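The same chain A turns up in both complexes below, where it pairs with chain B and then with chain C.
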Partner chain A sequence: MTTAAAPLLSVRDLVVEYIDAAGDVRILDALSLDVYPGEILGLAGESGCGKSTLAFAILRLLRPPAVIRGGSVHFAGQDLLAMPEDALRALRWRDISIVFQSAMDALNPVLTVGEHFEDTFRAHGRPAEAGRARARELMTLVDLDPVNLRSFPHQLSGGMRQRVGIALALALEPRLVILDEPTTALDVVVQRAILEKLVSLRARLGFAMVFITHDLPLMLELADRIGVLYAGRLAELAPTAALAAHPGHPYTRGLLHAFPSLHGSLSEVRAIEGTPPSLRSPPTGCRFHPRCPAATAACVAENPAVRALAPGHLVACHHAGEAAR
Partner chain B sequence: MTPLLEVRGLTKRFAAGGTLARGAVRTVVDAVDFQVGRAEIVALVGESGSGKSTIARLIARLDTPEAGALCLDGEDVLVREPRGASRAYRRRVQMIFQDPFGSLNPVHTLAHHLERPLELHGRASGAELRPAVHALLAQVGLSPPEEYAALYPHALSGGQRQRVAIARALAPQPELLIADEPTSMLDVSIRMGVLALLRQLRDTRGISLLLITHDLASARFLADRILVLSGGRIVEAGPTAQIVDAPQHPYTRQLLAAAPGATRTAPPATSHGD
Partner chain C sequence: MAFALRRLVFYLVAAWFAITLNFAIPRMMPGDPATTIFARFQGRLAPEALDALKASFGLTDAPLLTQYGTYLGHLFTGDLGLSVAYFPSPVSEVIGTGLGWTLLLAGTAVCFSFALGTLLGVLAAWRRGGRLDAILPPILSFLGAFPYFWLAMAALWLFGYTLGWFPVRHAYGSDLEPGWDLTFLVDVVRHGLLPASTIVLVTLGGWMLSMRNTMLGVLGGESILYARARGLAPRTIMWRYAARNALLPSVTSFGMALGFVLGGSLLTEIVFAYPGQGYLLLQAVRTQDYPLMQGIFLAITLAVLAANWIVDVVTMMLDPRIR
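So, the complex of A and B:
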């Protein structure tokens, strides 16, 4: 990854709220991040932290009651939030595609796999004949027998369906693929095979990935950079090695120790005390402060701004980088 | 000494689906043998479809095996109670399910969820119920118990719900808990808390635990012994350290290699300086 290049995707101060009679609920609170060409950006966080909302917001796929209240999303210099709907429709899938968590729900049960490809090509004005050849090629790309183009989704295993989802996402050679928990529903052996496939396809085709997951150990293996979200805000964003070696945010440190591993000391493993906050009535100041072992009065009073701890290493913590904490 | 639970030749078949396969049967659990000792934690590890949840359901007697023996304290309960589990069996063997959102009733308070098994299994009644409910809630870390007792499930997080499910399983004072993927639906930051609670129950109360999981790292954290299941058969069994550090069967090696973090060293121990 070359951070010197211009970002492919640039999200600035994005605010998403859920309209609610009892008061609007802020799901994403002034979130900013960049995705560079060809990189894998991991987004880690727990349920309700806003990571899937971000994926949908980037493509303007949010439905009421979720609405974008502010900020900007630029893709290759174009303002996606200001773009007319038909231009955006052409851009979706051609430039930015998405792989959903549940391939069973993402695929149409009454269409064959082949018809999904035809549909995709037709919607983007590609000739049917070339499309059929391309579909066979794409199936081979994800290690599926093209004979499965005649299958219906329910005839495939969960792993095969997710491979179809990936093949469809790559159909128009997008520059960015967003993956929303693509392997969470799969068991570890199938997950491993699919991730290895994605990494090798990225190397061949050069697309960038935003990989959303709650599984931080997985992210540490896969991503070039990792963003950690907490309660709708960016807690930390850093190159993977820096995040693993020098986590600046107490939440990141907690997450790194919250997973039992197959190696090392088991006594180091511990849960983070407390539970993620309700976004309906989030804590004042830093939203992590009720669970933070190092919280001070400043953390209760004031929301910490995102700042650079080192070049490319962003963190939103009043006390990040202080010695001997 | 007789093990608390001993399973011998346990076999379960299901009719294979689809019109073309009519009459075909699939053996999901294939002549499985294992034991769980008193105050022992045994993990049953395998991929989806390996048969591990079916084994849990057979031992909980939610399903009936085609063949085999299921012995509690050396006595085959399938012979003694062929038509289904007695209340006495259920008192001794309790199950915790994967989905804490589906396993609690949304229209009842937590107190109700815990009073029922206490009464049903004769562990408390009348004026004893309130303190017994509070003791259960406190035991699973839901305090102050007086406040939690009055709540409905929707007011709780996934981790808190799973603690209620554990409290409910503890109400009959069982000797064996079966936990089917107890943390896979929980937020990552609270999973460890639930695993630690299960271990504490073994350490302080001598409860035996059969942990069903696909996550070898959780099994390593909790279990004394690991059984690796593939295609309905146990392909490898042994003490946890031996299975994780020196796996013999190719399938065990494959599972270990596929686990996230398998190729990575543990996070730095020094940075957690709070």
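So, the complex of A and C:
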């Protein structure tokens, strides 16, 4: 894919805050990124860095006390933040769908799988008869027996439920599918099978994916580009190969070292010292500086702007690209 | 369906147990109605009268097992003995009349209160912090906090006695002959409206608040977020995804409330002198009408069991997880 194409989804300076009596907490701080048609964009970062918040903010699905305070979200040229609620409701799922982390919690326990499909089709004005045929087709697509349309969520295994989540996400042939840690709750064998299915489906159907996970090695295998978030800000965004070979941000380097490699020795695994900062009283300057081995006075004083290290390789670090890393 | 039958068997066993207790308890207690009545006359009755009294109450010295057999036999033929207070009406007939009035008054009131309260709870939770949610819960909690008999008497005094909008006693005017004609039905409604309203008034808040709170919990869950993400219409989300799931605990409480309608409307019926089951029970206790008391206890027990079974079946239909 070429980055010269117009982005499908364009997020600019998005600010999300948590309303709180003791002072509002900024969860996403001026976050910008693009998603191009048909690509897989991985979003990585520790828990609480704002990955999922971003996913739900895009479709204006945030619930109080979380509110969007600024910035813009454009999808195929339409301003999602300015769109009337009715128009946005029609766009949800038809253009952008989401696979939730836990289908068990997401599916309505008193409705059958089939009824979830029916409700989805009905909400978007699709005829019921065609919808039923399409539901069977989608179940087959994710390697499930259409008989399971009559099952209730609790009657399926965790892996089957996630497959149902994927089938539902593809129901209206969206152009963008957001996957919010879709396999985190599954064992590795099932996880592998489901991811392979997703990749082959994307190759066939051509939708773009935003893949949210804290599993960076998994992302290195799947994603075309990877964005790394830290404490509500973008730390680094680069094509996968570039990010793996020349990580520009010390946090990205930390994440890459935090997982055991299949080939190296276990001693190479290093945890990143410290914990993510409290968003209630974030550190001054670069939010990573208290944990950064290479922090200088400039890092404490000033928030590093996002800049291009190479074409398509964005990084927010004062010292990125310097010889001594 | 297998579930419903399994529960039915369970409740039949429970009913048998209750019936047996109903048989055993009076026999284990010291004294009997005949002796009590005899004692009340302080020796002015001849000793032979005691035997006559015992015979009329059906008290025999037959072996317990034989008595139990006779008891069960009479029970299945609907023979609960003769009422003392309403002599010579059979207990089953007396209870039948009382049951009808209680079901009409308390049954209608409890059903209406449940339906309205639940609806208000759904709406309040859906527009959390809205006008309905801000105004109604405090008012209803305030009303629900009064002792029921006090509120009922206050209503009777204000609307019945002072303003004269409603009749102050009985289920229908004494100048009317019961029948299916319009005059009679209108009169029954006029008599039932005030007592029913007091029941609704004190119970409405409970239904509304419990539904509101459960619904808020459901609304905060992932399945609602998922429904919104799929672009479902707000109306669908409100009823099919939120209200339906939040209804389950309320249905359980509703079943209990229905079961207690028979015994629990005692205060209403006393305050409004309404000829229902509770009023009958009071009469039975006052006049030491043992057969009637026993019959009413049995009816209450069976009603609670039946209501529980119905709730089990309804819950099963609403929640596939317990099938």
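Here is the rule we go by: the second predicted complex is superposed on the first by the 325 of 325 C-alpha atoms of A that agree within 3 Å, B and C clash if a C-alpha of one lies under 4 Å from a C-alpha of the other, contacts with A are read in each partner's own complex, and residues count from 1 in each chain.
In this text, a residue touches a chain if its C-beta (ideal position, glycine included) is under 8 Å from a C-beta of that chain, and two chains touch if they have at least 3 such contacts.
Everything numeric in this text was worked out from a predicted model, so none of it was measured.
Peer 1: Based on the superposition on chain A, does the combination of chain B and chain C result in a clash or a fit?
Peer 2: Superposition check on chain A shows chain B and chain C fit without a clash.
Peer 1: After the superposition on A, what does A:R63 contact: first (chain B), second (chain C), both or neither?
Peer 2: After superposing on A, A:R63 lies in contact with chain C but is clear of chain B.
Peer 1: Is the number of chain A residues in contact higher for chain B or for chain C?
Peer 2: B
Peer 1: Tell me which partner A:P247 touches in the superposition: chain B (first), chain C (second), both or neither.
Peer 2: A:P247 contacts chain B only, not chain C.
Peer 1: Once chain A of both complexes is superposed, is A:S281 in touch with chain B (first), chain C (second), both, or neither?
Peer 2: In the superposition, A:S281 contacts neither chain B nor chain C.
Peer 1: Have a look at where A:D187 lands relative to chain B and chain C in the superposition and call it first, second, both or neither.
Peer 2: A:D187 sits against chain B, while chain C stays out of touch.
Peer 1: Would you check which partner chain A:E46 touches, where first means chain B only, second means chain C only, and both and neither mean what they say?
Peer 2: So A:E46 only meets chain B here.
Peer 1: After the superposition, pull out the minimum Cα separation from chain B to chain C in whole angstrom, please.
Peer 2: Value for chain B versus chain C, nearest C-alpha atoms: 9 Å.
Peer 1: What residues on chain A does chain C touch that chain B touches too?
Peer 2: none
Peer 1: Within the complex, which stretch of chain C touches chain A?
Peer 2: 220-223, 225-233, 236, 240-241, 244-245, 318-321
Peer 1: Residue numbers of chain B touching chain A in their complex, please.
Peer 2: Of all residues in chain B, those touching chain A are 47-48, 157-160, 187-193, 195-196, 214-218, 220-221, 244, 254-269, 271-274.
Peer 1: Inside the complex, what are the residues of chain A that reach chain B?
Peer 2: 46-47, 158, 186-192, 214-218, 220-221, 244-247, 250, 253-266, 268-272, 275-276, 293-294, 324-325
Peer 1: Could you list, by residue number, the parts of chain A that touch chain C in their complex?
Peer 2: 56, 59, 61, 63, 89-94, 97-98, 100, 102, 105-112, 119-120, 122-124, 152, 154, 168
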